Every structure is written in structure tokens, then in C-alpha cells.
Amino acid sequence: MLAIEKLNQFYGESHTLWDLDLEVPAGQCTCVMGRNGVGKTTLLKAVMGEVAVKSGELRYTAEAGEIELTKKAVEARSRLGIGYVPQGRQIFPLLTVEENLRTGLAARSDGLKKIPERVYELFPVLKEMKHRRGGDLSGGQQQQLAIGRALVIEPKLLILDEPGEGIQPNIVAQIGQVIRQLINEDGLTVLLVEQKLPFARKYADRFVIMDRGRPVAKGEISELSNELIKQHLTV
Amino acid sequence: MRRFLSLALLCFLLLGITLNAQAQSTDAASSSTNDAAALELLEALDVESYTAKGEAITAILQSDDERARDWLQALLDGRLQRTEDGRFVLVLENRGRDWPVADVLTGEALGEMSRRDLERIGINNNLRNQLRSAIAVVDLYSLNVERRRTSAERLLGEVDGELVPTLDDLIAQEEDEQVRYRLTQAVAIYRAEAGEMAGVEALDGSLHPRSRVALSRAANGDDPVVANAAAASLSGIEQQLKINRGLETLYFGLSLGSVLVLAAIGLAITFGVMGVINMAHGELMMLGAYTTWAMQQLLPGQPGLALILSIPAGFMVAALAGVAIERGVIQFLKGRPLETLLATFGISLILQQLVRTVISPLNRTVITPEWMSGSLVVNDALSLTLNRMYVLGFALVVFAGLMLIMRRTRLGLEVRAVTQNRAMARSMGIRATRVDIMTFALGSGVAGLAGVALSQLTNVGPNLGQNYIIDSFMVVVFGGVGNLWGTLVAGLSLGVINQVLEPWAGAVLAKIIVLVFIILFIQKRPRGLFPQKGRAAEG
Amino acid sequence: QDDDPIKVGILHSLSGTMAISETVLKDTVEMLIEQQNEAGGLLGRQLEAVVVDPASNWPLFAERARELLAQEEVDVIFGNWTSVSRKAVLPVVEELNGLLFYPVQYEGEESSENVFYTGAAPNQQAIPAVEYLINEVGIERFALVGTDYVYPRTTNRILEAFLKDEHGIAEEDIMVNYTPFGHSDWQNIVAEIRRFGEEGKPTAVISTVNGDANVPFYTELSNQGIDAADIPVIAFSVGEQELTGIDTGPLVGHLAAWNYFMSVDNDDNYDFIDAWIEYTGDDMAVTNDPMEAHYIGFNMWAEAVRKAGTTDVDTVKDAIIGVTVPNLSGGYAAMMPNHHITKPVLIGEIQDNGQFDIVWQTPSTVAGDAWSDYLPGSRDLIADWRKPMECGNFNVVNGSCGGSTAAEEAEAALAE
Amino acid sequence: MSLTTESSTNFWLTRPFSERSTQIFLGVLLAALALVTLLHVAVPPDNPLHVGAYTVNLFGKYLSYALLAVAVDLVWGYLGILSLGHGAFFAIGGYAMGMYLMRQIGDRGTYGHPVLPDFMVFLNWDSLPWFWHGFDMAWFAFAMVLLAPGLLALVFGFLAFRSRVTGVYLSIITQALTFALMLAFFRNEMGFGGNNGLTDFREIVGFDLRSDATRLGLFLATGVALALGYILCRAIVTSKLGRVSVATRDAEARTRFLGYRVERFQLFVFVVSAMLAGLAGALYVPQVGIINPSEFSPIFSIEIVLWVALGGRATLYGAVIGAILVNYAKTIFTGVMPDAWLFALGAMFVLVTVFLPKGVAGLFRYLKRRKREEQTTDPDHQHTSKEASA
Amino acid sequence: MSFLQSLTQRDRVFDFMAPQASPVDVRHGPILYMEDVTVSFDGFKAINNLNLTINDGELRCIIGPNGAGKTTMMDIITGKTRPTSGSVWFGSRHNLLHMNEPDIASLGIGRKFQKPTVFEALSVFENLELAMAADKRIFPTLTARMTGEIKDRIDDVLETIGLTALRHQPAGILSHGQKQWLEIGMLLMQRPRLLLVDEPVAGMTEQEMERTAELLTGLAGKQSVVVVEHDMGFVRSIARQVTVLHQGSVLAEGTMDQVSSDPKVIEVYLGADDEEAA
């Protein structure tokens, strides 16, 4: 689905991603892990186009065939079916919940004018609070809104940056199940950043551990041993 | 002077003929023999002394020439002129260096003449009054109801004893309700001033200023009964006047408010919604106003049509200028809202000077079309100026339109999303660049519309924008940034407050008080009239 | 040195709020210079215009004036419109001993050794205008409406005193109203004027409303149906230039008092107009009173230079007193010892072609009075810059020259 | 922001002297003052190097504008308060000075009244209004130069900051303030000379205002005031209080949760800034010879902000550069191309914003960084060089 | 107050002369006491008759569904939000409802926000410096000096939060997790009597979570700590007393085991398969 090759990214003078290679197989959930500040969020932003990359390739397989993403504008990427749930929620604080969701309609190719009912089914609180301003929601509600908003696009590739953050346990579990369901039934591909091992273990297919801007270990999720964790995730 | 009208009317009546009866009996053949007499009549006008001219006017009035009214009208308009060879001509169009003229007596067009070679038969305000009255007298017998109404109106306060019986006759014959009412009133005013009870009674409840003058004279009269009745009438009228004055002030306030709303509403989009501190907003309005001027130049003689066409044209011109500004400058300042202040200030300087250099540093004349000038008369004490009524309506329509666009179209949602979180909006597939261009164009276009409207109220000149920019920002902020309703309510209420204060505080102090009021109000509501509430706004 | 051109400084705002009035004055002086050069220059030397833009900013006026005198070393300056700009420039021209020709009607109460006032003083405009209203039109009630600054305030004070003392007009028959610069909403004031005029006595408005505020003022007047025949407005700051920005149709018959109108029927005037139209290349170009003032001022200066045989400021200053040149209305203007000139006063009625029809004029010219006879503080002052008096504010009561000598004494004391 | 926190253990007022930027600034300023003085006094007038009285006067005016810009940068750059009304404080300081200068005229006015200024005689006033008393004494007037704007800022700021008026709302009410004052001062009844303002000054503390020596003195005094004002502002911004200000600018609410009474910090800095603006106005007036209500005009206040933005916000020296640059450009352009100078000035504003996002000062810093980068071109050392540059 | 008094009690006139806030009175046990607190936003009751008592030196965990009102509760304590009704006392002397944010902060209530908020233009070091407990009035702040002692303390905290290497970087460039740490560091610098910590371990790895747990349990005893967190593993590892909030009021209270076996809590919050998350 997405193949990343030799990706280099800089913030001003500081080199954040170093010759990064990464494969995100279609129809699977790939989980990126790593300590604070190693560049996970930066990687996702680079895929979305929110930060400029210095060099490297992002090859994305869409219906129309393989597309080089680095040449695409940000808004074009979401129109190619990439949904993004950023870290820190990034909802539109002064738009109502409903309007927040409606922004996602822009990227849909089918010109749908209504918010898919499925989103509300998944997060009933959003329906309840439809007319409240996004910024007034509680942290967890905002996170649910951010996920719901990405689902409005009906993405082919869903990028999630710590989606469980601030969400109550039973809904976290529910989110995990929905993701699995979408993967299994609709063939969705997921690129996930997650720190919480139980969640990763339960819902991801593959893992990648990053350190200092490059992957240092990868494999099937079952191969994620305590050994590896000690080695790369302990401070 | 005051009594001239009745005098004129009297002479006119003494002749025992009416012009319209005359007009029917005149035939073309007799006109050439009349020309010599006519020339003599006109010659009498071409003298130095205004007194002599006055006499000449009376003479014309008493002549039985059917062209008398036209001559008097031409004289009144300053179009009656003389060539060097002594011919009387009518100037058809007196702008520029050479004017098209026609012979007064024959009506034959004489082509263009240099203004140097023409000498106007001058009149002054006294003569102007006399002429108006003279025309009114003629018109009192006119078949045209409008003319009769105008002349009846002129009679208010101008009637004297000798005229009363004639007028009573006329009243009896008159078919038109309004003319009859005015004539009755005119007679009543004379009677009230003469201390007659009938006059006082007839004037009860009349709001016309002349009636009031008459009543107050009657109230100071000798007969205590009449005086008391007049005083009672007067106090009733005063009461009525107070109400009317209140309504008038409210109208003034709303109309000033609508100007503020129009000036601010475009800014409520570019600044309030997009966050661009657009100091060139005023100059965009100026472009709209100049578009109106240019339209009127393109369509000479059709100021009304030109004005209507200016609405789309003004919008387009300003919107295109807005696009140019957005593409040329503002797009490079994303995320640096304060810098937009600097750049757009520069743009406003450039636009101002551009107009000075390319067009002129002087103000331009924009003509008010017939249907927009004058007032809508509600009653004798209250009339609402038409141009401002149109502007008020226009402001409301523009507001409603904008509201629809911002609330009901996708653009409204997208622009808010883009301003609140640009990166995220783009990640959601919103074409931020396009949204920026369209929104800025919309805000600018509305500024252009404001300019079109302002061209009917104030100077169309290079300083137009400067005069409104401060007020515009104040209205937007006072209403609460980002809230269109706020802009509307703020504009209208500031307008009303200002106009309510003005009569007792004076214009300067009223303005100061309004500013102090804004400062204090913001203390109470630090985020304007309609603030964004809740967590979201506090950040 | 002798072949160097004579430098003429032009100090008029070409940008900012005053550009609207002042730009044409810059062009006028440039035209006059061009004409003079075509006629062979002055003293065999060419003239050269030095134009600067004080941008309607008063401190900048002072700075530019200093630049003209100290850096450019101009021989004379034609400039300024507003009184405040003149006040800002005054200390500079006095200090650097320059010559300034000021072309605009103003409030008086000033006479500087270095300034020549070619515009009207109040006695050359306001007073005759009111006389006309009372004697010829029969007005009994006056609304004095003005922009809130010194010129209208002073003029109105003089007029109030004049109306009450000389014509016995009662307090309640005088209404006074001030508005800020650029005032654009006249609804209330015009309504008030309308009511003021509805009391049964013939009423007139005396307007000292300035510049940009006039268009909305007249627009409102006509919309509220105030007609010149009912309540005439006589203005002191509305000329042909201002009328080019107004739809004059509804204004016909309103009045203005000036010392010159474009419609003056005189061949000198027609020549001037033709030259102006040619110079601007605009068929519709109009002339106005301050332009005439510059025309007179320029010719007076040229004449004085010719008479003195030099452009030296002190010599020219002495030579110019008494110089007489033709004005554009068929008469002559003479420079008086108080640095004001003689002018005829004309009353004109607005025509629908944006011109004025002259309906009245003073039988002879009136000499400008620097110090008003109607103000208590200045009643006793006279100005005379001839030797030996050489004083701008000589107090005839105590027989001494007011501030100036005191300043000189202080300067002398300081120098020691 | 390169705050040398760790070395700043000395007395807060002397702290700026240890900064390189301040050293350079003061060095350049003092050198310029000395050079102008020298070229004015020691070089004969016919020498092309001679600096005339006109130029000295002009520079004096620029320097007072520069001080005003520094005052605005203090509140805008470091406190995040975009004041669109600082012209009011400048003008009030100017009026205080103007009143003193008017009283110095004494009976040398045109009407020769011993006490009343000309415009009061002319308006037929019989006595001095109460607020004019005391201005015949230099010490009182000079105190008022600081106190009057300071007091206005105190009252206005107290109300505004207490109510937590922020952002554009604050900007607009500062604008309303100066607008209201402008209209008020235009009124002749106010007793400040109306539109004509105060002019025709003769002398200041006994020195003839029309002499070149006084002019040089005023120029030097303004230069010194600018230096002192700069040092004071620098001392404030490098202190912990300066960092609290920056914190307030970026996250006002968060600063409160740390226990800082934000409104008082804002008030303090605002008042200091207003007083500096007043001082600038007081130095400006005797040099230009007039003060009138147009200094209160909102557009003037916006222009001040433009100088700061153009020079580079939040640098202080940028404000100085901006003020001098814009006004020098104005002087040059209005003389050289009187018909088209607004095009040039407008274009300058546009180009600087688009091409120099951090103003002229930003350009300096960019060039400095470029130079340093060239010295450390080894890409592997980027991380370390980044840390070293901190 | 007489005029004379107003002159002598100048601290009431000039705030910068006011003495440091008086110490908290905890003789009666609780350091924080909330009674019948209700907050409504346009009719929606985010907090509904909430009663809560925190004892001096206690470490209390608060859990509850999204939107239960946990953050709002902290907003009330810190003065950000004014309750519609009810009372909130700090110790037995200070009525928090009569104070504003800085007053409450200087009394010794520190807070870490759910969404990390740091001063982005200031360096990490300066962020900590500003947070430090110190005299926060104007003139002391203006004349404050950087002593070796202060530097050592900041260095200590930098070490603890693992940001030593980034000390001179502007806080704006930190990653999400690093900002979380910086906020915790600022809280440590503040040395408050009562710490309110909203979701401290969001976005942290297991190991970092352990460190945070140690840190917070270490503080308890000397200081009182209120932790809001959704990570049950973390809560279990530090919790002694747990309060469950639901729809603005207390749903359950007790030890972790008691609470997590409460069917109501399982229903609204934990969900059936809680054992996974644990």
C-alpha cells in the first residue's frame, strides 16, 4: 500500500528522519513504536505532507495505480483516500461537532453530502453533542471526534497517531475492534503509532520500532519480544 | 417678497384669462407676429438691475404668450442666454467649453457655441423665488395634477386677504384631494394668523411648520378664546412632533448604522473570519465608488442604470483587486496575521496614490439618480430621505446574502476550518489556497459594494477609504470578531447611539462619547457584543 | 551665479487629506513659472520650481520648509493651505528669513514679516457676505455651521459679534454648530437647520465647513429638501474645485463668497482659464480663488523682484509693499504694508454646471485686515512692515510693538 | 531568542551591558552622535562633509521617533500587546512639553499678554485653565512629560488588563482611546489650541530654540534618551520579568496558573512604555516646533507599529532601525519624487513583509547565521553545532 | 476600612507590597474540600452536585468516562471555571471560589494540563525557571537573579524529565511526549502543596510510565496529588484510593480492586474485557 524509501527530513538544521525505509502492506495494521521524540509523528506528517521532506520516496498504491506522494499537495493526498488522525487531536475548536465531521466530506470522491451514519454508531457521544463546539468537548470526546472525522473520508489508508490517548478503556477497546473490522471486511490499511503494548499486541499485525529517526527493528507483531522492548523502548 | 405670490396671482387673475384656455386658442400662424412682442419682453430681462428684471418677469407673466412658462423655466435654470449678436438662446447642455444651444423664439437648434460668446441672463435668489411663484401661479390652473399640487403647496403661508375668496372658489372646483387639502390649509393659515377661530380649528393637528407658525401667532393674539384654542392645538402638535422627531432620530441612526455595517461587513469576512488585518479595505471600497463614477461616465445621461450596473461591476472590480492582493502578497504571509497589517497598509498607500495619479486628486462627481433623490414624505413633520433608505435596504440585502453564503455553502465551513487549523484542514482535503482566494475575493467584493453605496452619500475621492477604515475595524471588533450578526448589531447600534447623542452633545462630543462607550463596553465584554464562548475560545 | 536659475519653492500637499485642495495650487505655480520662463524669465534668469510634498502632515511642513530654505536655498516659497500648516512653517521662514506667499482665506490675527497673505482675511469675505445676506436678501436668522477648527471658530466669533452689535440680531436667531474634520453624517444637523429655518423668519446658513465634509453636507441638504430659495447656504470654503466633486443639480442658488470666481467675465480671466486648461490638458479643468491668489502673489513677487533688481529677500520684502498688479476680475491688487492685499468681494450663486453666477460684488476693493476690529484682543493691533515701524502687531493704545520686539530684545540679551 | 540567562547574575540594570547586541547598538549610536556633532561643529559649512543644522534637526526628529518605536516594541514585541494608540502617549508627552514652551514665550506673544498664550487671548479667555498651572516651571513640566502619559496608561491599562481585554480587542480600544483624544484635542474648548495646536516656541530652559547650538543640544539629548530608554527596555526584557512577558504573550492563561498576576505585569510594562513614548514626544516637539492633535491620529499610531514591524519585532534595535529607515525614506522620497513617493513607501512596506519576514533585524540575524554555518559546514556535526549555537 | 487604614495597609492598595500568601491550614485533615459543586454550560451540567475531599499528603486517582467532568473539576479548583453553585475550600482557611488563578497558584496548587501547554517561544530551561516557586510579584521578578542554587535545581529537574540535552531549545519544537514531560517538570519546579495531574502518561511508553509512577508516589506524603488517568495499568500501579466520576458526580469510591469490580463502573467505563488493558 505504502512504501517509504530513503526518507530524509529536517526541521531547520536538525535531521529528524534518517534514510528511513518502511513498508506498509495493504490490508494490515502496521504499528510504529519508539520513545518520545524519535520521530514517529514526524514520519506520519511526512506521509501526509504536513512537513516537507528533503529526499526519499513515498510510493502509494491507489486504485489508479502507484503514485509518488511527495509530489502531491496535502489536500490531494487525502483525496487519494488517506485519512489522518493527528496527535493532539487538532479538531477545529470553533466549529460544531457536526461541522467538524462535515469537513471530511471534501475529500470524498463520491460527493456524499451527509455524514455516514456509521460514524455516529461508532461514537454515539458525537451524535449527542452534534451542536456543541468541538473545542468545548472533553479531551477524550475530542479524540473520538478526530477519529470519526477521519472515518468520514472512508479512507483506504488510515494513519493514526496514538489514537487511544485520553480515551476511556472500553471505547479504546471498541476503537481497536472497529479498526480490525475495517481491515478485515473493507481491506483498510492502517499505519498506527502506539506506545501502549497491550493495544498494539492485540490489534496490530506488524510492528516497527524507531530510534533516532530510523527503524531499528521490525517484524510480525508476535515477534515483538520483551527483549526487543527492553533494548529499544527503555530509556 | 413674501407676498409676491399672491400679488402675482392677483394680477394674473385680473387679466381674467387662464393660460390653458389661451393655449387652445393660439395657432401657429400668429406666432411670428408675436415674436416681435416676445423679443421685447425678453429684452426687458437683459438689464443690470434685479428690480428691473423682476418687473420684466411680471410682464412676461401678464403677457398672453403661451411660451411664457418655458421662458421663465429657462430663466430659472440659467439656460436663457444671449449671443453676441443679441439673439436669445436656450442652452441645452452647459458642461464643458462649448455648449449646444437652440433659439428661444423659434426653437431651432443652433449647434454648439463657445461659452465665451454667450451671456447668461443672471438671476439671484430673490428672482428665483419670484420665478418659482410665477410658475406656480401658472401651474395652479394647469391640467397637470402634479403641478397643481406643487403650486398649492407653495401657497402655504403666502396667502393674504384679497386672495381668500379666489382660493375658496378654486377649492370648490378642485377635484384632487391633495390639492384641495393644501389650499384649505393655506387659507386656514391666513385665517389663523388673522385671529379667526375657524382657521385655528382647521389647523388642529396639522404638522406643517407654517401651520405651527400661524398657530403660535394666534396663540399670542388678543382674543383669549382663540388664543387658548391655538395654544391647546399647539401643545397637541408639539406632542406629535416629539414622536415624529424620535422616529426621525431612529431613522438617522439606522441609516448611519447601515453605512457602518456596509463598510464593516466585508472586513468582517477578511479580518473577522480570515484573520487578515486588511488596511486596504477602505481602498477596496474606494474602488467600488470609482467604478460607479466610471459607469456613469460610460453611460452619460443614465445615472440610474449606471448605478444599478455598478453593483455587479463594483463587486467584480473590488473582488479582482482582492484576488490580486491575496495572490500577490497575502498568500506569503500565512500564519503571520500581524504582518498583513504592514503589507496591506503599503497596498492602501499605493492604491490611494494610484487613483490620485491616474484619475485625479480631486473628488469625482457621482450623480444621484432621480429615483434616489428627495424624500419619502410620511407626514408634514417626517420625511425619510430616499438615498439613505436605499442604502439601508442595500445593507440588509448584502448582509443577508453574506450570511447565506457563510452559513449555507461549503465555502463558509471551509474558510472557518482553514483559519482555525490550516494544516489540519488541508489534511482533510480542503483546498486551502482556493478557499483563501475565494474568501478574500468575497470580502473585497463586498467592500466594493459598500463603495457603490457610499458614492451616493459622500465624496468619491482618493481619501474615501481612509475615512472609513478606523470605523470599520471598530464595528467588527465591537460586534465580536468572527461574528457576522455582531457586525450588524454593532454597526446599527453605534449608529443609533451616535445619532441620539448628537442633538444634545454636538457632533464632536457625540463621537467622543461613542468611543469612550466602546472602551468601557469592552471592559464589560472583553470579546465584543457576541463573544465566542466556552473552552474553545479561551484556548 | 547670476546665470543660476531663480529657485521657487512649492510647498503644497500632494498626498494625504489636503492633496485634494493643494495639488492644483502646485500645478498653478508650476504653470506660472513656465509662463514666466517663456516670457524670458526674471532679471534675465530662468525660474526653476522646487517641489516637495509635505503630505498633509504639519511637522513635515516645517521640515520641508526648512529643507527648501536651508538645503535648496529657494528664493521664495508658494505654499500651504491650512492655517495649522502655516503656523508650523512660520517659525522656520522667520528664522531662515524666507518669503512665503500664502494663498488661502484664513482667520486673520497674524502678520509676519516673512509671509504675504494673498488669500482673504475675514473682513474680505465673511463680513461683506453677511452684509449681502441682510441687506439684499433680507435674512433675519443665521445658522453658523463650521468645521471645528480655528478658522471657522474665529470667523464665527467675528460674525456673531458683528451680527449682534451691528445688526441687532437676537441671540436666539443665531445657531452655531461645529463638526469634526471630514464629517460625513449630516442628517441630524441638517434636520436641525431645517427646523431652525421653519420658525417663520427668513433664514440662511453661513458655512465654514471645510473640504471633504461639504459633499455629504450638500447632499443631505438637497435630500432633506432644503432649497436655496428657502434657506440659502453661503459658504466660504466651497469653490469651483470643491464643486467638481458634487452633483450640483440640487444645489443651484446656494451661495459662496470669494474674491474670484471662474465665471468672472474678464479677458484676463479667460486667458488664465485657457492657459490652465491647456496646461492641465483637461477640458473640464476649473480655476478657483486660491489659484487666483497665487496668480496675484506670483506676479507681485515677480514685479517686486524686477523693481528691486535682485531676489534678495530683505530687498524684495521692502520693494513689494505698494506693488500693484492686475487681478483676474478686472481690477488691481495692491500689497498693503500689513502684508495683506486688496481684493474685491464677490458673491456667487451655484449653477448647475458647477460654476458660480456672480450676483453681487463690493463697489471697490477691500484691504485685508490682519487684526479684526470685532475681537477684543486684536482691536487695538495694527501691522505695518514699512520702516520705521516694521511691526506685525503694533499696539496703538500703548504705542508699542507687541511680542516681536520683546523677542528681539531677549535675543539680543541672549547674544550678549 | 538568545537570552543569556546563566551569565545574568549581576544587577538587573547593568545586565544589558554584558550583551553583545546592546554593546554594538550603543557603540553605533554613540559613534553616530559623535560623528554628527563633529561634522556639524568642526567641519566648515562649505565643506561637502559638513552636516547642516537642517540635517541635525532631522536626525533629532528621527531619534525621537526611534525612542517611540522602542517603547512600542517593548509592549508589542515582548508583551504581545499590539497598541494602536501609542501615538496618544507620545502626543501627551509632546503637549506637556509644548505647554512648557508656550509658557516660556511669556509676553513675547503677538498679543503681548504676560501669562496667556496667544490662542487664549484670541479666544477671549481671561485666565489660565487650571491644568496649565505649573507648566511655567521646567521641573514640573518635565515631570509631567513622564507622569501624564504614565497616569493615562495606568488608568487605561488598569481597566483593560483587569477585565482581561486581549488581542485585537485591546488593539482596537487603544485605537479608540487615541481617536477620542484626537477629537477632544481638536476642540478649542479643551484649552490646547485646537487644530492649530501649540507653536511659535521661543526658548527651552533659557536656550534659544532657533539657534543651531540648541538644536545640536536637543539632538544629543534625544540620542542620550534613546540610549537610556534602550538600556532600560533591554534590562526589562532580559530580566525574569521579560521572560514572564514573553510567556504572557504566548500563553496568557498558562502564566496565571503559574502564579503570576499577569495583569499587573502587563500594566507595569505598559506604563513604562507609555512614559518612554511621552519622553519621545517631549523631545520631538521642540525639534519640530509644533504639536497639534494630528499626532493623536490613529493612522500615526499604526505607522509606529509599521516602523517596528519593518525593523523587526521583538528586537528593540530593529525598532530603532525601522523608525529611522521609514522616516528617512519619507524625507528622501517626499523631496525627490513628490508625486510618487507613496508608491515607493507602499512598495517598501509590501516588499519587506514578503521578503523579510522578520524585518530588517531578521535579515541581520539571517546573515549572521549564514556566516556561522559556513564556518561549520560538516554535516555530521549539525546536531552538536545546533546545541552550541544555543 | 478607614482612610488611615488604607494607607497603612498598603498591601491592599499596592499588590506588589503584599506578603506571600499565608500557609494552608490543614489541621482539620483535608487539604481540598469540594461540596455540592455544580457547573452548567448552557444548561448542560458538566459537574453535578460533586462532593470530594482530598486529605493532606494523599495520592488520589480519579477515573471516569470521557466527559465525566474530571478536567472541569480541575478547572474549578484552579479558578479557571466558576461553578454555578457549591463551595470549594483549600485547607480550612481558603475559599477558592473567592480567588483568581494566580492567587490560587501562589497558595500552592499546581496543575498539569490534559493538553500540554508550555511557553513555546521560551527555552525548556526558561519554562522551568518561570515555573519555579519564587516571589512572583513585579519587582522581585524584575530584579531576580539566577543563583547557582536555582540552576542546580533546574538541572536536577531537567535530568528527571530527560530533557537535559534540549534545555536550550525553544519548547515549541518538542514532541508531544516531551511536552508532557516538560509540564511535569514545571509542576515539580513549582513545589505545590497540591498537584493536579491530568493524564500524565498519555503518549508515554511503558517504561516512562513506570518512571512517572515512581515520581508521583515519591511526592505523595509530602505533597498531595490528584491524578486523572485512563490507563488502568498505570492507575493500578499507583493507586491507593480511587474515585470514579460519572456525569459530573461520584459514581464509586474505594480501592482499585473495589472499584474495578463494581458492575456500574465496568458498565460505563471499563468494559467487559478490562483484563486486557490491565
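Just a few scattered comments:
Letters are used for the chains, namely A, B, C, D and E, taken in the order the chains are written, and counting of residues starts over at 1 for each.
We take it that a residue touches a chain if its C-beta (ideal position, glycine included) is under 8 Å from a C-beta of that chain, and two chains touch if they have at least 3 such contacts.
None of the values given here were measured: they were computed from a predicted structure.
Annotation of chain A and chain D: jointly contacted by B, E, touch as defined at the top. Set against the C-alpha centre of chain D, every other chain centre is closer than that of A.
Interface comparison, A-B versus B-C: the higher count of C-beta contacts falls to B-C.
Put simply, the chain closest to the centre of the protein, by Cα centroids, is D. Here the spacing of chain B and chain E, counted between their Cα centres, is 65 Å.
Between chain C and chain D, the centres computed from C-alpha atoms are 37 Å apart. Chain E has its Cα centroid 31 Å from the Cα centroid of chain A. Distance between chain centres (mean CA atoms), chain B to chain D: 45 Å. Chain contacts: chain C has residues 14-15, 148, 180 touching two or more partner chains.
Across the assembly, chain B contributes 352-353, 466, 508, 511, 534, 538-539 as residues in contact with two or more other chains. Each of residues 183, 186-187, 253, 339, 342 in chain D touches at least two other chains.
Residue ranges on chain D touching chain C, taken from their complex, read 52-54, 57-58, 61, 105-113, 119, 121-124, 183, 186-188, 194-197, 199-203, 208, 210, 284, 288-290, 292, 294, 330-331, 334-335, 338-339, 341-342.
Taken in their complex, chain E has these residues touching chain D: 15-16, 78, 80, 100-102, 105-106, 110-111, 113, 117-123, 125-126, 129-131, 136-138, 141-147, 151, 165, 168-170, 186, 190. Residues of chain B that touch chain D in their complex: 279, 329, 332-333, 336, 338-343, 345-350, 352-354, 357, 466, 470, 473-474, 477-478, 481, 508-509, 511-512, 515-516, 518-520, 522-524, 526-528, 538-539. Contacts from chain C toward chain D in the complex involve residues 14-15, 51-55, 57-60, 62-64, 66-67, 70-71, 82-84, 87-88, 90-92, 95, 109-110, 148-150, 153-154, 157, 180-181, 375-378, 381, 392-393, 395, 400, 402-404, 406-407, 410-411, 414.
For chain E in complex with chain A, the residues that touch the partner chain are 41, 64-68, 70-72, 114-115, 162, 173-178, 180-181, 198-199, 202-208, 211, 230-233, 269-274, 276-277.
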